[in-house]
Amino acid sequence: MNLKKFIVPAVVLAMGTASFSAYAAEKVVKIGNILPLSGPSASVGIQGKQAREMAVDEINKAGGIKALGGAKLKLLFADSKGDPTTGVTETERFISTEKVSIVTGAWNSSVTYPSTQVAERYGVPFVVPVSVRDTITERGFKNVFRIAAKDSWWTRDQFRFLSDMQKEFKTPIKKVAFVYENGDWGTGFAEKWRELAKAAGYQVVLDEPYPSTASDLTPVVLKLKRSNPDVVFMTSNAADAILLTKTMTDLKVNVKAIVTSGGGHADPSYLAAVGKSAEYLFDIVEWETDLNRPGLKETNEKFKKLYGYNLTGEAVDAYASMYLVKDVLERAKSTDPNALRAALASTNLCGGKTGLLAYNCIQFDQTGQNRNASLVIVQVRSGKDGKMERITVWPKNVRRAGYKVVFPQPNK
Amino acid sequence: MALLEVKGVTKQFGGLTAVNNVDMEVQEGQIVGIIGPNGAGKTTLFSCIAGSHVPTKGSIKFNGTEIAGKRPYDICKLGVTRTFQVVKPFANKTVLYNTTVGAFAKTNRLDVAEEKAMEVLKLIDLYDKKDVPAKNLTLPERKRLELARALATEPKLLLLDEVMAGLRPSEVAEMLPVIRKINSVGVSIVIVEHIMQAIMNLSEQVYVINFGKKIAEGDPHKVVAEEEVIKAYLGDEYVANSH
Amino acid sequence: MKFLSNVPTTHKVFAALVLAVLYALPLFVTSPVMLQIFILIFFYAYLTSSWNFVGGFAGVLPLGHSAFVGLGAYTSTLLYLTYNISPWIGMIAGGIVAAAFGLLIGLPTLKLRGAYFALATIAFAEGLRVLVENIEKLGSFEVRGPKGLLINLVGNSFRDFQFLSKVPYYYIILTMLVLVLILTFFMMRSKVGYYLAAGGEEPEAAEALGIKVSKYKLIAMAISCFLTALGGTFYAQLVLYFYPKSIMGLDMSYEIAFIALIGGRSTILGPVLGAFLLRPVGELTRIYLGDTLPGLHLIIFGLVLIIVMRYQPRGLVEPVSKWLTAIFDRIENRRRA
Amino acid sequence: MIGYIESVINGILMGSIYGLTAVGLTLIFGVMKVVNFAHGSILMVGMFAAYWFITLTGVNPYLALVVVVPLLYFFGYYMQKIVIKPIFEAEKHVREPITVIIVTTGIWYVLDNLALLVFGAEFRVAQTSVTGKMVEVAEMYFPLAKIIGTGITLLLGVYLYWFLKHSRMGKAVRATSLDREAATLMGIKQSRIYNIVFGMGCACCGVAACVLVPFYYVYPTVGVPFDIKAFVIVVLGGLGSIPGAILGGVIIGIIETVGAQFMAATWTEMLIYAFFLVVLFVKPSGLFGLRQDY
């Protein structure tokens, strides 16, 4: 009965995709993109999707891939839900059914990790705009290329920043505290922090993982307050970042600096949600709107007009990844996976649209990691209109002109 | 030696004494009735024997084995099976299935159990309905199914809890020969019943309980003539067929 | 083949035909994606059939079965990664570990009424997940907490339970499913099956008939957990990477229960039917709607649940089997004519 | 020392709010014997309603109670009447209708993802007159919003106790919860009682929502962590017991806050589940449940 009604459209749908791939011959190059479009990381997935669409639209309007007779790029998107199994299934679908030339994605390290393994098995290039876990490019894979920085670089730069600040403001830091979500990401960061703190001679007064689904983080903040650190390092998703920031302000936790790790603290809704509570916080990101980059203003304005918000780190990486794909196709002059892989490995892409990135150039090392990827640190301040603003402060050579860093932060 | 020996059984719920120091005996092959007005404690006494309640004091011996405080499934294994006043068939299963569940008490094999079940169904006159789901039976049929299921466990002693309650007089009349038939194949029976007529008709020996105490015992026709028994029922809405 | 004597010939022929088609399918369907979809359907049908032993026949509602999937996956994978023990052996070890845990949790909770049992199993599964997330190292085993376990690629190797093609996985899970269905068939026709059904429906009456209900429920729980854990090992070898949230999360537990209820619990074919319906609904809506309107596919999923429960509260197996029986009867009649 | 006192009090404050989120769940279960899996989603609906009311009008946040509570009452009333009742009817001879659980789970999926479609994956925090206000006692800080929330929890608990014990409707509700058939025989219209109880359970979520919004974020899946916690709380306190739910919440709050001072917060989560299972072993009816209730 109902079954028939269900099966018929299902079969039609299935046949639809099959025929789709049959006639999508010559003039189109398919790019498969795996992103978390629903579930807890949906907002960041949607940013990546929109930025890719804008880039591909530009590329196609400008004549597509000239080396392939003006072939157009065609984007396919799959929702990973942030779930590894779904990511694996979708990667397989893209490669074997949709016959895509290149796969990109997948933001969640836990999805990228097994999905790149699938691409490696099939020998199809997989471009990773953002996914921080170190080991993604440390398995000797030939087909995996990452544009953004990895875990160990993020934590390394957080500590470099801290030591630079001490020198600049002559404020010694002795005691540090680590507060991080008990996921793969947070615990990965904490491991690196421990080593770095030991090397730098800081005393670790608190090393506290917490469940990212916690409904109340007051207990953690009370503990943090009693440990009385000079600096707190945090790794949080959006919900817990909001709870932690508000509770820390409420309970008057006074520290010299709070250093966060992007993620929830970089989520566009975070600042709107916590407002002034986030004042003086330092966050590490790959990219910030106030960077002085050629063409950034125009691109950002176009993006804002299309989607209603400023470019984000994820959006810029995604945007640049499409121009990387274009560059690779032009040089490979074919969609053969071997040619594409060779072209990717010999990438030397500087300036142009990829110049939006904080680090200007994409060149991959032996492992497939972009060796130029670097990070910046911003400070959160309330602007004249009461709106919170993120201001680039580190490295010193990219610091916003005329901005005076507040370090240590005043007591609340 | 008596098949069932109840000695000094007392059951208290908090401060309330539902059964007070009751003695009772059942001989092999007998049908024994327990009667008494509503709330007299006869169902509690019954539950103590069947293992649903643990008596506060006293001893219950079946075939010489102490069963007071044992769980119903262990008591069943020893050869004492009960039925429920409110019938509890496995509603979505067929009559045969229901009865086979009982028959599994003495075997592990499905074919043997089903054979036994069909034998019992024939005895109880339910064989025609063997493939009907229990929920589609009429009330008298369900009562008989309850009997069949219990009988399939091959008990030596069958405890019947108001097996005729809710039946019309004509239906009660149909039930009586069924119970006699069960007795005739060698099963002793204890029957708790509100319907006086049925007890008088069936039992060789009755126990009258009131306020938890045994107030009379013996031949049913003599017992009902005793003054205390009449007093116990007086004022009670006792009618031979209340439904 | 005495036990098949009361099964009508048309049913036997139909079952044989379906099996033949399923076993021959990889000869025609070569797309790894289609195979993967079938593998996941069989995998969920297998899990739900295992769940059915306690969720269907014992008449309670366990909502934490992913805990046993996780126990199976973790046991076999840790044994493989630490001592290089073949996952085939680890699979059995995982089953035993899961059965032990099942008995442990079943002992106090199976005596409880339905809602208590359901909530207790949720708490057990969540508690176990949190526990695993907190363990970095357990003796010589590297549990790796929330980071999860990765099984390295070794290429085609039966001993390592790893294959480059989807076809071996397809046959393994299909065979596991067929075996569990045969086991279900026998169980339903045995004393244990009768006693479970009786105890599940009317525990008091069952006890009076000599059934130690809690004992039979525990047996069912142990069988169910053992089988579920075998599925966990299969899953680990299929995806080669898992972490506590992905394999012990409540989503999987709920999905198993949904499949059972939508298909029809305490039946042989209910779980299979449920998996064949719900899995594709989930996959297709995600593939075709997931990138346009985020979340819409889950709304559809929820609506399917509500609608099926509204019109077929005992599961779809009832109308479907009626429909099939009608067809069989027609065939039978034509054959006679 | 002062740090521990501070954490105990904070645990009690947050715990009683956990209890508040569980009251509706236990009320519905007590009468209908249905575990409402959509409970967290209803809380989420209430939080969105309270958020928009407060943000758009800018009035005192607790005025939202006047709007949100009746709104959720009717929401629950009609949800039971339209979606749940037909399914319940089909299964009414069963003591614990399992299909209804599955239907409420379906409702949960629909509501959460509908919210995602409508409001987007954005975190929202209401700025109210009590947000961020702290009460200082001997160098200890307590959020005003949580103190008010605890007060509201107690008031609601007392009201529900009075309602069930003494009001006419409450007596009918209790009769229905004890014995469905008997209550029907006494002339109580069972399905209407169920509509009302479901409405009241949802209204309790509305109260909890208004208490949470001044200090909590609003998000389409915000109900999920509260959901699991509420399950643990109601079983701990005894399914169907309203004082049990509130006290169960307080116990969880104290374990969570005080436990975290001695171990990592990830272990206190574990501790809660372990405590839950121990209670199940020792006293399956929960700390305040009646024996007949399990």
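Letters A, B, C and D name the chains as they come in the text, with residue numbers starting at 1 for each one.
Here is the rule we go by: contacts are C-beta pairs under 8 Å (C-beta built on N, C-alpha and C of every residue); 3 or more make two chains touch, one makes a residue touch a chain.
Bear in mind the structure is a predicted one, so any value in this text is a computation, not a measurement.
The most central chain, judged by C-alpha centres against the centre of all protein C-alpha atoms, is C.
Mean C-alpha position of chain B lies 43 Å from that of chain C.
For the pair chain A and chain C, the distance between mean C-alpha positions equals 37 Å. With centres set at the average Cα position, the gap from chain A to chain B is 75 Å.
Within chain D, the positions touching two or more other chains are listed as 113, 116, 121, 264, 266, 269.
Shared interface positions of chain B, i.e. residues touching 2 or more other chains, are not present. The set of chain A residues that touch two or more partner chains comprises 38, 42, 46, 182, 211.
Every pair of chains that touch is listed here: A-C, A-D, B-C, C-D. Interface residues of chain A facing chain C in the complex, by the touch rule stated above, are 1-3, 6, 10, 13-14, 17, 37-38, 42, 46, 49, 77-79, 81, 83-86, 88-89, 92-93, 96-97, 110, 113-114, 117, 121, 182-184, 187-188, 211.
On the chain C side of its complex with chain B, the touching residues are 189-191, 194-195, 197-198, 201-202, 204-213.
Across the interface of their complex, chain A is touched by residues 3, 6-7, 10-11, 14, 18, 113, 116, 120-125, 127, 132, 134, 141, 143, 215-217, 219, 221-222, 224-226, 229, 253, 256-261, 264-266, 268-269 of chain D. If you check the complex, the residues on chain D that touch chain C are 29, 33, 35, 83, 86-87, 90-91, 95-96, 98-99, 101-103, 105-110, 112-114, 116-117, 121, 220, 228, 231-232, 234-235, 239, 264, 266-267, 269-270, 273-274, 276-277, 280-281, 284, 293-294. The touching residues of chain A, when paired with chain D in their complex, are 38, 40, 42-43, 46, 182, 208-211, 213-220, 222-223, 225-226, 238-239, 242-243, 246, 249-252, 267-270, 272-275, 277.
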